[in-house]
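Have a look at these structures, which come just after this line.
Next come two complexes, and both contain chain A; in the first it sits with chain B, in the second with chain C.
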Partner chain A sequence: MPEHRLKSLTPLGHDKPKTTTHGPITITEIVDVALASLAIRRDQAKAFTMAATAIGIPLPEPGHYKANSTYRAFWLGPEQWMVEAPFASHEDIVAVLRPAFGATASITEQTDAWVRFDVVGSDLPTMFERLCAFDLRRHGSGSSTRTMIEHLGCYIVIHSDEKFSVIGPRSSAHSIDHALLTAAKSAF
Partner chain B sequence: MTQIRRISGGRIDRSKTLNFTFDGKAYSGHPGDTLASALLANGVQLMGRSFKYHRPRGPIASGSEEPNALVELRNGARQEPNTRATVAELFEGLEAKSQNRWPSLSFDAMSINDRLSSFLTAGFYYKTFMWPASLWEKLYEPLIRHAAGLGSLSKQDDPDSYDKGFLHCDLLVIGAGPSGLAAALTAGRAGARVILADEDFTFGGRLNAETLAIGSDSGADWAVKTAAELVTLPNVRLMSRTTILGAFDHGIYSAVERVSDHLAVPMDGKPRQILWRIYSKRAILTAGAIERPIAFENNDRPGIMLAGALRAYANRWGVAVGDRLAVFTNNDDGVRSALDLQAKGINVEALIDTRANAATVNGLRHIRGGEVVNSSGRLGLTSITVRMANGGTDIIPVNALGVSGGWNPNLNIASHQRGRPVWDDAIAAFVPGADGPAGLSAAGAASGAFSTHAALQTGTMEAVKALAALGIAAKPIEIPKAEDAPVSITPIWYVRSGKGRAWIDQQNDVTVKDVKLAHQENFRSVEHLKRYTTLGMATDQGKTSNILGLAIMAELTGKPIPDTGTTIYRPPYTPVAMGALGGRSRGEHFKPTRLTPSHKWATEQGAIFVEVGMWLRTQWVPKPGETTWRQSVDREVSATRQSVGICDVTTLGKIDIQGTDAGLFLDRVYANTFSTLGFGKVRYGLMLREDGIVMDDGTTARLGEHEYVMTTTTANAVPVFRHLEYCRQVLWPDLDVQLISTTEAWAQYSVAGPNARKLLEKLVDQDISNEAFPYMACGEISVCGGLRARLFRISFSGELAYEIAVPTRYGDAMIRALVEAGQEFDAVVYGTEALGVMRVEKGHVAGNELNGQSTALNMGLGKMVSKKKDSIGMVLSQREGLNQDDGLRLVGVKPVDPSKLLTAGSHFIAHGKSTVAAHDDGWLTSVVFSPNLGHSIALGYLKNGSARLGERIRTINLLAKTEVEVEIVSPHFIDPEGERLRA
Partner chain C sequence: MIINHPLLGPRDAQEFVYLGDASLIGRPDGMTEGAVDAFHDYLYLRDNPAGEHRELWYHEQGDRSWLVVTRNTVTHEVVSVEIARDVARKMGRSK
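Let's look at the complex of A and B:
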């Protein structure tokens, strides 16, 4: 990436991502992931899917998350996915993806639209049932959904029984962080 | 005081002693006690005063149905009124106070009301406080409000926190008595996801209060064993201290879990209570039954209780409520109470049985065909008067009396969603009907199956049935041998004797006479009966009284009970603390906040913030020496107009619109044309609702062949996005358009003022001269040596202005870079107030003008509505009524005397016209002080406004009591030709 002179801040307003631990729960702000929404343009499904396969972007079914080596993705809506890639190599993620998809896709940078917290610990459903209506005990790793947490539309990605991601609106990072920590304290 | 009424047995932990106080006096109890059981163990029967007559009262029940024993628990900020002593778990150091009495519980001055009872009958308020109407608000209402209510509030902030959450299950079992445990065990063993909730702190329900055996165990031990097995099943969630409050649509139930109420203070970080929303596929109501009293004269003295409660206190808590007891019954279960009490070694003086033909009970004085007709004792029961079958009377000295009029299935939850109970003659009670909440069935006593065997049997079978409907095969549990006595009852509701008052609803002091009066005055429908007499209102919601009142009304009207009707219940099942309903949403966390990318910088500068929806925006940034907001705002405006100002405009909605039909889509959602917009250009757009009224405005930039970025107002960011999604998905699914919000992805700053370009040239890597980047240009650029950014040459202030956007993580660095680069130009950062001043000076509309009632024509933007293409709202904007010449038009307003300040919301009234609505010519929408002009200016909607430029008119604000003569001018106060912004 070009060497510009502007320094980035994390969604919580720090130089470095914040990590909080309470009991068995660790909540970490994640900033090294670039995001883009990827939507199929009309009548381009076939070419789009081929392009995605070629570049290695998974296209999971509704309610799911899938990871390949460089790219990971979760389902956003009909014919639309959120694609994750390493920030270091994909800071300008649209510029990276556009050549692969050409006119088959609408691609929009979403990296800084969101704050992501990874929550690691045991018995996460006991904490998350205080946060959202998503039936976590019925959904295993690879599940993802959009749900409301403290009035905010957030995505939850279940990586494993012991690791969830919460992806919510960046401007409300403090509110989400507070909600997660309060729920952790209430549960454990 | 020692626990003088404590007897052997019970499920309390006698190895530990808990100290507590009631009305300042010290007592002791044991873990497992409730406040009521501990007080009764200490010989305290008097626990409260009644609501209306201030009659001395003690508990009549041992559970959550209790109407009388309401106390204030704890002290200081944690003080809570109207807590039922019968369900308050005892803990070390508990402080309780009686309420609704003055000066003391034993001597209450307000008991004078009892002497005035003949005046204070049902309908007293309706009849007494009618005239004169002038006294309603000033005298009567304050008087009634003062007398009303029980207990008092601490008026301090609640120091505890509350939580809320969501649970999911295949089967929700409501109540953990024998039927609930059997149902949960059946479903749990079958692998179904089960939630078993009970309001008690221990499982077993009535089994804990009985001596009945299940198999070779006592009922209570069977409950312990069953709960122990359930704990081992990972698919079963046991929730004690959890009350199911209500049944809602689609199998959703609400519940409150009392996490910390049994502790003096919640543990660190733990909530006091959690409000759960439970999503169930099926539910079984196994909430047991509630005993009902028989009304007789003076049946409300402390010491007179439901017989089952007397039995529960003895069996579960090892408490003899009195040492000389009697039982008054019309059914076999009352006989069981008498025998249980006698077996505990308590002196049962008499069993008064209304049934002349009841089977004789040996070993005690069984008065068959008898009735209790009265009682004596000032602050507690000392004797009862019994009328024998032969008509003679006997006075029996007792200090406790158990009364049993039969049991009512506890069908409260089943009647939510207007489920109508059905009368069952065999048990003389209502049972849940078939039209209750979908997916809910009842088992055990809640369904009218009263024996222990029937409870187990129906519990397991209902679980099998419920799971079968879900495709889960479950086997019924093997039913252990258990009591299976049939119900034998001869209904009697009240004793026809005496002229005194016989209480039906002890919480609201409703008597048999009140029901008769309601009947006499033609309030005969059950709904009228309830409201006229207050029967069944307040904290207990008539759990012990409703059927009694109904039965008496039935008798008076000569109709059978089922034909008289029944009132149905609604949530919540028991009272809920307001804190639990609020959950975590309180104080600064009442709602989430949204912080702008410059928030950290602005905080460091001491900026003043304003809430705009959830956003916190900089309102102004005070400098040292500035003592009023006007000084700061005037400075920010002047500096921007003279040199350059910077403002965080990230909050404006940004919607990324892509697709081969994006241009066509924009043509349809905007009133003006966008398909002709060139690459690298921005256009102002006006969006109408279907009815032709303006919905929102903003700019849209074309960044590529099929790529646009729309901006919306801050307030309408979400509604506009929702509207566009609706258009895309529902109206025109054939269009190739993809949408996503990018509001938060980009930190966007406005840089405005004559030196805006000079400032930006220091940061932007490309040529942005007027030739290279003219007015309304946009493009993808880079800043500060290579960071990708977007630049839009648009202006809200009327100045030469740009909006520059960088990825949000660099937003903080960008504001600092802009401020630093601006130093040589004396650049300021301005907030929403200065923004507002400058847009009014320029004559731009904003929220005050986009008021949901105004058209483009009203705003002076009528020509923007293109008739060459179809767009949402175009047709209806042409309605005759919206296009009259004398309609409202946006105008500028200035005071004739520049020293006069205008007041927002003032109405235009012509000279010589009276100040009445008929002469209203419009109003001032936005008022600011213009430091550039040196006086107040305003925008307003004026009838036929465009034809009235130069006219003088009055602006009058009746609320602020202001009147200012103004001159109508063009709304463009500054640079009407737009030379500055094109510079």
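Let's look at the complex of A and C:
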């Protein structure tokens, strides 16, 4: 087998993830996460929940995010979740999840479809109220939702008052990066 | 306008798209007698009430669920919001 020495590129097209700081805000591109969407197949809810518990995948309530030691998950829609796992150990995440769930779930690899930015800083709602219609002051840590940022459907995960994740379409990584930085500059 | 999503709470109406009258859930069976007439009515006949109206809305920029929104077309008050799947099941649909 030929030996390839190819360098992977980050969603923003560099060899290393980009970090931008403006005032109290730091925006970091995150690349060490594997993603897969999990959906319950019809009439399999009970077996699905048991399988998820056995492998240690949290199944948060609508509009929420939950983490345990290996897996983190956020709610996508009724009976549907996005699962995050460390990229180093779960590069082929479907191959890891499929034996656990068998025919109870539909699993789709999502790793390279998304770009994730972690936004860290104080008074984040002041920045995010310029970006989206989601009312961040009503929702505390552990909340998660899909909403519109600029014209893009993005997921927002609230880890704490000072740390949010924005997960958006990877092909629009530069647009999201620009929107975040513009909002940070406008707010601070 | 704010739509009070049954799962996610109050959400801005710009996240939603509107489909039409909620009677669209009751699609007729095309294999029965009189299906042509039933489809004619299903496609073309709508009530146009001044008052409460049941409508299908899609949370496109959110969790992508279909909702049945009961709205007063005179006062614009949103009376109730239900998940369309639950409404369809109550009407006897299997999925």
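We adopt the following convention: the second predicted complex is superposed on the first by the 183 of 188 C-alpha atoms of A that agree within 3 Å, B and C clash if a C-alpha of one lies under 4 Å from a C-alpha of the other, contacts with A are read in each partner's own complex, and residues count from 1 in each chain.
Here is the rule we go by: a residue touches a chain if its C-beta (ideal position, glycine included) is under 8 Å from a C-beta of that chain, and two chains touch if they have at least 3 such contacts.
Here the structure is a predicted model, which means the values were calculated and not measured.
Touch criterion met: A:Ala133 reaches chain B and chain C at once.
Of the two partner chains placed by superposition, A:Lys46 touches none, neither chain B nor chain C. Residue contacts after overlaying the shared chain place A:Arg146 against chain C, while chain B stays out of touching range. After overlaying the two complexes on the shared chain, residue contacts for A:Thr182 are found with chain B alone; chain C is out of touch.
Between chain B and chain C, more residues of chain A are touched by B. Contacts of A:Lys16 after superposition on the shared chain: neither chain B nor chain C is touched. When the two structures are aligned on the shared chain, A:Glu3 is found in touch with chain B, with no touch to chain C. Of the two partner chains placed around the shared chain by superposition, chain C is the only one that A:Gly63 touches, whereas chain B remains out of contact. Within chain A, the residues touching chain B in one complex and chain C in the other are 42, 133-135, 138.
Across the complex, chain C is touched by residues 42, 62-63, 75-78, 133-135, 138, 145-148, 153 of chain A.
Contact residues on chain C toward chain A in their complex (touch as defined above): 7-12, 14-15, 61-65, 83, 85, 95. Contact residues of chain A toward chain B in the complex are 1-11, 13, 22, 31, 37, 39, 41-42, 80, 92, 103, 106-114, 129-135, 137-138, 150-152, 169-176, 178-179, 182-183, 185-186.
Note for the complex: chain B touches chain A at residues 161, 163-168, 193, 268-271, 274, 277, 279, 584, 589, 591-596, 599-600, 614-615, 650, 656, 658-661, 706-707, 736, 738, 740-747, 782-788, 806-814, 817.
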